[in-house]
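Here is the structure we will look at.
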Amino acid sequence: MFSSFIAIVPMCCVAATAIAAMIAEAFREPGERMPIAPLGVIGLVGAGVAAAALWNSHATSFGVVVADNFGLFVTWILIIVGLLSLTISAPTVEREGLPQGEYYALMLFAIAGMILMATATDLLVIFLALEVLSLAVYVLTGIRRDKPTATEAAFKYFLLGGFSSAFFLYGIAFTYGLTGSTRLDRIGSLIAAQAASPTPMTLLAVALLLVGFAFKISAVPFQMWTPDAYEGAPPAVTGFMSTGVKAAAFAAFARVFLSAFEPLRGEWSGIICVIAAATMMLGTVVGVVQSNVKRMLAYSSIAHAGYLLVALVSANDVGKGALLFYLLAYAVSNLGAFGIIALLDTADWPNDQVRDYAGLWTEHPVLAGLMTVFLLSLGGFPPMAGFIAKWYVFSAAIKAGYYWLAIIGVLTSVVSVFFYLRIVVMMYMTPTESPARFPEVPKLAGAALVVSAILVFYLGILPARVLDWAAASISTIF
Amino acid sequence: MVTLIPLLPLVGFLLNASFGRRISKAAAGQVACGSMLVSFGVSAIAVWRLVSLPTESRAITQAVFTWITSGDFNVSFTLRLDPLSALMILVVTGIGSLIHIYSTAYMHEESDSEYARYFSYLNLFAAFMLVLVLGSNFLVMFVGWEGVGLCSYLLIGFWYQKPSASDAGKKAFIVNRIGDFGFILGMLLAFVRFGTLDFQEIARSLATLGPETTFGTLSMLTLLLFVGATGKSAQIPLFVWLPDAMEGPTPVSALIHAATMVTAGVYMIGRNAVLFGHAPQTLTIVAIVGTATALMAGTIALVQNDIKRVLAYSTVSQLGYMFLAMGVGAWAAGIFHLFTHAFFKALLFLGSGAVIHALAGEQDLRRMGGLKRELPITYWTFFIGALAIAGVPLLSGFFSKDEILYRTFAGGHVWLWTVGLLTSLLTAIYMFRVQFLAFHGERAQGAPQHAAPEHSAPGHLAPSNHRHLHDVPPAMAFVLVVLAIGSVLAGYVGVPGSNRLERFLEPSFTAREAAGAERAEAATDSHLEGTLMVVSTAVAMSGIGIALYFFLRHRRAADEMALRFAGVHRVLENKYYVDEIYDQAIVQPIRIVSEDGLWKGVDVRVIDGAVNGVGDIVGGGSEVLRRIQTGSVRVYAVSVLLGVVLIVGYYVWR
Amino acid sequence: MPFPILTSLIALPVAGAILLLLVRDDEHNEALVRNIALAVSVLVFAETLLLWSRFNAGSAEFQFVERHAWIPEFGISYAVGVDGISLLLLVLTGFLTPLALLSSWESVHRKTKAFCIFILLIESAMMGVFVSLDLFLFYVFWDAMLIPMYFLIGIWGYDRRVYAAVKFILYTMAGSVLMLLAILALASLHNAATGAYSFDLLKMYDLQIPAQMQFWCFLAFALAFAIKVPLFPFHTWLPDAHVEAPTAGSVILAGVLLKMGTYGLVRFAFPLFPRAAAFFAPYLALLAVIGIIYGALVAMVQPDMKKLVAYSSVSHLGFVVLGIAAMNTQGVQGAVYQMLNHGVSTGGLFLIVGMLSDRRHTRLISEYGGLKRVVPHLVAVFLIVTLSSIGLPGLNGFVGEFLILLGAFRWSPRAAGFAATGVILSATYMLWMFQRVNYGPVHNEKNAAMRDLSPREWAILVPIVAMIVLMGVLPNIFLRPIGPSVERMLNQVRQGAPVQIQAIRN
Amino acid sequence: MTPTLNDYLVLSAILFAIGTAGVFVRRNLITILLSIEIMLNAVNLTFIAFGRALGAVDGQIIVFFVMTVAAAEAAVGLAIVIGLFRHRESLNPDSFSTLKW
Amino acid sequence: MLFYLFGAVAIVASLLVIAQRNPVYSVLLLIASFGALSGLYVLLDAPFVAVIQIIVYAGAIMVLFLFVVMLLNAPHEDTEQDLLRIAGGRRSVAAGRVRVLGGVLAAALVVELVWALTKNGGESGVFAGGAVSSVRTIGRSLFTDYAFPFEVTSVLILVAMVGAVVLARREPGTRPGRSRPSS
């Protein structure tokens, strides 16, 4: 009996911590400081340990959640995302006077939802998990209520999120109508039976589910909310959602499309290719002229969604691990970059314009160095994680015969280097106009960033083990 | 031992280049002259040993080290002393030593470091020249070939602060490089054709073959080499650098631009006589180019007013003679003329140097005159040189030039012979023009109509017409006298009938195996030779006579002639406008095309334009695409819906 | 296990850089920082010499090979080794890096520590490029090298440094990413052929690559290398990068970085895709010849010394590519030799121009004139380096140029004929520049007070001059180790494309 | 003339499309939220119709979940709307376009 | 016949929802539409859902909407004139375009959906099999098969609650100066 709960332990760990955080908030005196973030860290670490214990167990709970290696790998990514996000959030929460308990609780709920989304094997549960994490993230986006832009960002994100989840739900409805179930395994076997000549309704279901996922991963043309939401949200939240939401959504995307709808690959691969190409191009091209760093990184994350789509569509014996590895590398690098933006954020000036970075090197050489590492990793330079990740994706694409996607991919990554370098140029090569605009760096947050930089290098220099894990993990779903 | 010959001047160079600043002038001069004299001594001993060898095996080969090895391409740095190179090293070290000695006095007014620099260059030149003549294969020869070019560049531009000097140096180097372009290609073709660059091996592999009847590989090969020769030896079309090279100190002109380096082209053809002999087509070209150059330079020399320029054109003209000889297959005659020319032209240059030295840098003939009294040694030695070059019988130039003309006539090239004879007339005229204008008559007091190039070496005072002039210092006088004696006697090594020189040189011009066959051809017709000798003597004499008439007796007549043929005179004075034509037709177009066409056009506009254009397109696209992001959530919703409609539509209507 | 000397060549500079990171960055430590960096780089140079002394010149095979699994699942290994072609390039790298560091002694005072770190990192990456025997590893070093160079140009460069740095990195990347795809395609092919992935160069050599794939992969590789070389018309990043880079950057850029392109052609593009190489060789040669003439002509009219030298590099490296395209012993050997020559002599030119610009803070030729009177020693060295660049026999430039021309002539006399005009043109632009800078009267007051070479500068220039003379007089020291490896590579190419090579020969 | 499954599906499709149209036809935040509710309800109809056709209760149960989700979304959405209104005193979506480009 | 009646009511009411300027009317019309839908649910043998639809959806959720509309006291959406006043003429043109384009796309969506559903006859045919509609069955299934999703919804509601509170509650007054930026 107990064994039927095993698979949800990591998720429950996180959710329980979230609830604990809320309770703690309830007992908090106004102005009192409570170690809520450390509590979250403990919960996440516990989840991580649980996930590690579940490795290779392939446990299922309720028939709708499975702790297969794929899900666990993503869980780990999410836990890393969560740990980093919690750490870099602390200064923001402190400075902005945000409600600590609620903030961390929402973040932890979101992580719980993400973990659930990554491990769920039932469309309904996926939908619910999606809603859990989405609602939490909508709120986090707008949590700085005094800032009009934050509320605007939350509103846009929410509205379009609701809009697209309706499409997603509609897709679930058709899937249900066709197969009589929302469980992926049953859907898979039924789809496989009729894969030779799919009915229009099947295709409709595929299309609508695709739209739902494409929205969450901000693929073209469903990416419009991304820059606005990323710009408006507090940088720590932006980092969190640009990595966590994307990881969870991609996990579910991969699970649904690579297992249940795998027999229809011929039907959806073409569309995903086109979307991937458009996403890579739009993300990089529009990123070029941005003057706000967060917005620039938002476009960059759009582009990265394109690369991830390439990995997804060319998932084969080479590429199978590419998606997961890319998610991990991207998560660490991107969160690191946003972490630095978060650390530079001050009460009266967000320091999020590209020109604000002028002279950062002189003032905060370590931060500048870290930022460079993260940006170069995003740009795909060796020996950083991003390089291995891109290499992996492109080799999958080549193996799958998507030469044109690979070519677009490498060319857009060259263009993307241009805008990553714009920040580098500012930091190192542009003299400062007004010195000492940057706040002190909290030790802990700084340490977290150093750790992620080390992780970036580790993944870039000695990726073999993680690559193996990634490859072994994804093979559990198809 | 052979290695020592070029090594000694090289050591001298290294000493002077490294420590020249710190030692006195005397020491620097001693090092330089000493190394040259020792080298001369060694050369003499080496030649003596060579001569003592039997005729058939008259060669001393010394492989110094393996230079370049790459696959089947293997070149060793080998020096080879054979009769031809023996003659050359004697000229180079002998005349070289004399000029070194002359220079100790001539350059005395330079500062210590400049003095040492001068001698180090001069030593370096000698070393390279010796490598050139001793090299046993093309590549070693090329080392010397380029090396002497470098030294020529350095020495022409010795007074580097004068823009004209450094320009002239650069011009010399670049024009030479154009020749080298041909030379290099020639070498490449030679290697591809023969699989070796060794002169001996090439000659040997050709021995069994007959001459090429059509314009084939050998003709191409020799023609390319000849292009190299035209550069180094200042033949049409690459002669333009030599007159400018007179910007260098006069001893340099004497050594490099008269006696040795410029004859390298002739030497090279002589060295490859067998090869060229197998390419009659090229030889014809060589002969024609040589003759044309001789005539053209002779005509220009007629009207030049700068004493050194006259001599320079004269050198060009004489070199043309040598090429004529080579072109008609009279190898020995060409080398003979090279040999004699080295003496009298060095003498003439050094004589002119003495004049310039005495006049504190004045080079314009129109401001000279009447120097006979004040500079007797210079006068007489210069006179001997002039007689020799004019071809007055019993002097060296007579024998060698006559040999060439005879060979030309005997070879059936009557037209070439005629032109050669005409040039010989011109030679006598312009040489005695100089003689008369410089040494006879009265010193001109007024400034000339248009200023001649002012040559004022640092340290020389401005020319003063009232200063009492001193004749040459002893060192210079000694050299002049020695050379004068040489100019008289040098011809006797190859007096017609004896053919001693020809026989001595013959092993160098023939492939061993074919030696006998060629010898038969070399029989002479002494009757014809005598007749022609008379003709050329008459020509030389009439030339002197004409010069006497126009430039000593009736100077006004000369001016009238110049006025009557003003057009011709102007053309000649401006050297047929060759420099201007080159400038307008080649140099300027290249510069303009490079600057405006290639750099600012292709590079900046086309290529960088394309590169930046890509950037602009991306940036522009970016600006356009970002506008879609209007900020209105309704537009975003439309975008989402558009995506839905497209994807669903794809499935529905595909 | 024998001492991993190649790994240490890569690791030592990195270790030095890490050591420098630990040194506090303040004014007092500047000398310490410089000395550490210099010591490390000299040590590396010594190690390259040690490597050379242990190298078996008679063997064509890779030596000192180290092989460790890196990403075993994809057959990626850390595989390094040297043969004659790479050996001397390593020595060159080791030789130039200390000189580059020394050259910055007086010109770089801002952020010295970072400067030294970047130089050491570049050195490491360059070493890595030359020793990699694994395509993946090669690409990693190839790309990784861009970053420190980017910073060197961008931080310590001249006025338009940012533009130049960005142009440099984007230009180079644009070429190299396609190479990455080609590498991936090869690995994929290897998988299809043998069932296992591999990026091992030696295994790739044995791979039967279909003609069409050779075609595309060669294009991708060749583009990457052509940009790096740089071959006309991909050269426009070079003048900007050179002009704006600090002296040390220019020296490394010209001295070593450009060789990566030609090295890549020799090591990768030609032997891996022999049939495509045979097909494309004439086109490469055409571009090379155009580059020779074009580079020279454009160099001639440059007002800026550094730009002039930069364009001269285009011209000189055109020779190298021509030699490679000829694909015969002399051509390739000459090309490798010319890489070394160019490293030494162009490195020397940049060092000298750097010294002038240290003194006068301008690189415009028109600002100078008559220097020979003021700084005779500097000018004397300048002259020797200039002559080396012109290709005067007896100095290093000639040997390479002649061998290349010989190789090219055997392959296509016409190409050699056109290329040989470079001999004329190089003399023209170099001497013209030399004349304008050093000869004539001192017309600019500011030049009159220039000081001649300092002991430090002597220490920089004497090795350069010594190398120039040594390589010109005794080239066999250097040619001998190159020979067998070149032959092996040629055999590879000939076996791969017997028919085409023959056809082109005619 | 008994309505078939298809009739229900078409009806819900029409309703769904009306919902989507509502999102950008109206310039009122409340109405836009209502439009999303229309869409969700259209989906509910589909679920129930399919459930009926399949003869299973799953469809109906899913509808309960959807209703919950709709309620939750509505709560958060309305909270955001209130927040927006506090800043701008407007419910026009187009007046919230500070973030753009 | 009832199907067409309810269907027509649902469609018309929905259309009117999005055609109304006044959000109060919209909400009320939506309630009407929901009523029609619950009628359809009854036709589909799902009476329990129909009841819930009325009670929860129409009753609770819509009342919440109505409440907010009243709270904000901004019944009318901005007219074109208002928009012009806000930000120049350009925007209203763009807004008009959006409306047209959106309409066209929505129409296209209808066409596509209907086309897809009716292609090849679609899922035609009368409902087969017996209807399962007992509350007992639903309840059992909900707490066995769907127990986990059910728990998840509890988390969802918790998140929504927290979120709504965080976003909508009044400023605690710690920094009153920043709560209302000048609008």
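When the chains are written out, they are named A, B, C, D and E in that same order, and each has its own residue count from 1.
Here, a contact is a pair of C-beta atoms (placed from the backbone, for glycine too) under 8 Å apart; a residue touches a chain by one contact, two chains touch by 3 or more.
What you see is a predicted model; the values in this text were computed from it and never measured.
The chains in contact with subunit C as well as with subunit E are A, B. Counting only chains that touch, the fewest steps needed to get from subunit B to subunit E is 1. The chain with its Cα centre farthest from the Cα centre of subunit C is E.
Contact tally for A-D versus B-D: the pair with more C-beta pairs in contact is A-D.
The most distant chain from subunit D, with centres taken as the mean of CA atoms, is B. Distances from each chain's CA mean to the overall CA mean are smallest for chain C.
Centres computed as Cα averages put subunit A at a distance of 29 Å from subunit E. Once the centre of each chain is set as its mean CA position, subunit D and subunit E turn out to be 4 Å apart. Subunit D has its Cα centroid 65 Å from the Cα centroid of subunit C.
Look at where the CA atoms of subunit B average out and do the same for subunit C: the two points lie 37 Å apart.
Each of the following residues of subunit B touches two or more other chains: 626, 629-635, 637-638, 641-642, 644, 648, 651-652. Shown for subunit E are the residues that touch two or more other chains, namely 95, 98, 102, 105-106, 109, 113, 115-117, 119, 122-123, 146, 149, 153, 156, 159-160, 163, 165-167, 181. Counting partners per residue, subunit C has no residue that reaches two or more other chains. Applying the touch criterion to all chain pairs gives A-B, A-C, A-D, A-E, B-C, B-D, B-E, D-E. Here subunit E touches subunit B in the complex through residues 94-95, 98, 101-102, 105-106, 108-109, 112-113, 115-116, 119, going by the rule given at the top. Against subunit C, in their complex, subunit B makes its touches with residues 65-73, 113, 139, 142-143, 145-147, 150, 153, 157, 160-163, 166-167, 169-170, 173-174, 177-178, 180-181, 184-185, 188-189, 191-192, 590-591, 593-595, 598-599, 602-603, 606-608, 611.
Contact residues on subunit B toward subunit E in their complex (touch as defined above): 630, 632, 634-635, 637-638, 641-642, 644-645, 648-649, 651-653.
Residues 318, 365, 376, 381-383, 387, 391, 394-395, 398-399, 403, 406-407, 410-411, 413-414, 417-418, 421, 424-425, 428-430, 462-464, 467-468, 471 of subunit A are the ones touching subunit C in the complex. By the touch criterion given at the top, residues 9, 16, 19-20, 23, 29, 32-33, 36, 39-40, 42-43, 46-47, 49-50, 53-54, 56, 58-59, 62, 65-66, 69, 72-73, 76-77, 80-81, 83-84, 86-88, 93, 96-100 of subunit D touch subunit A in their complex.
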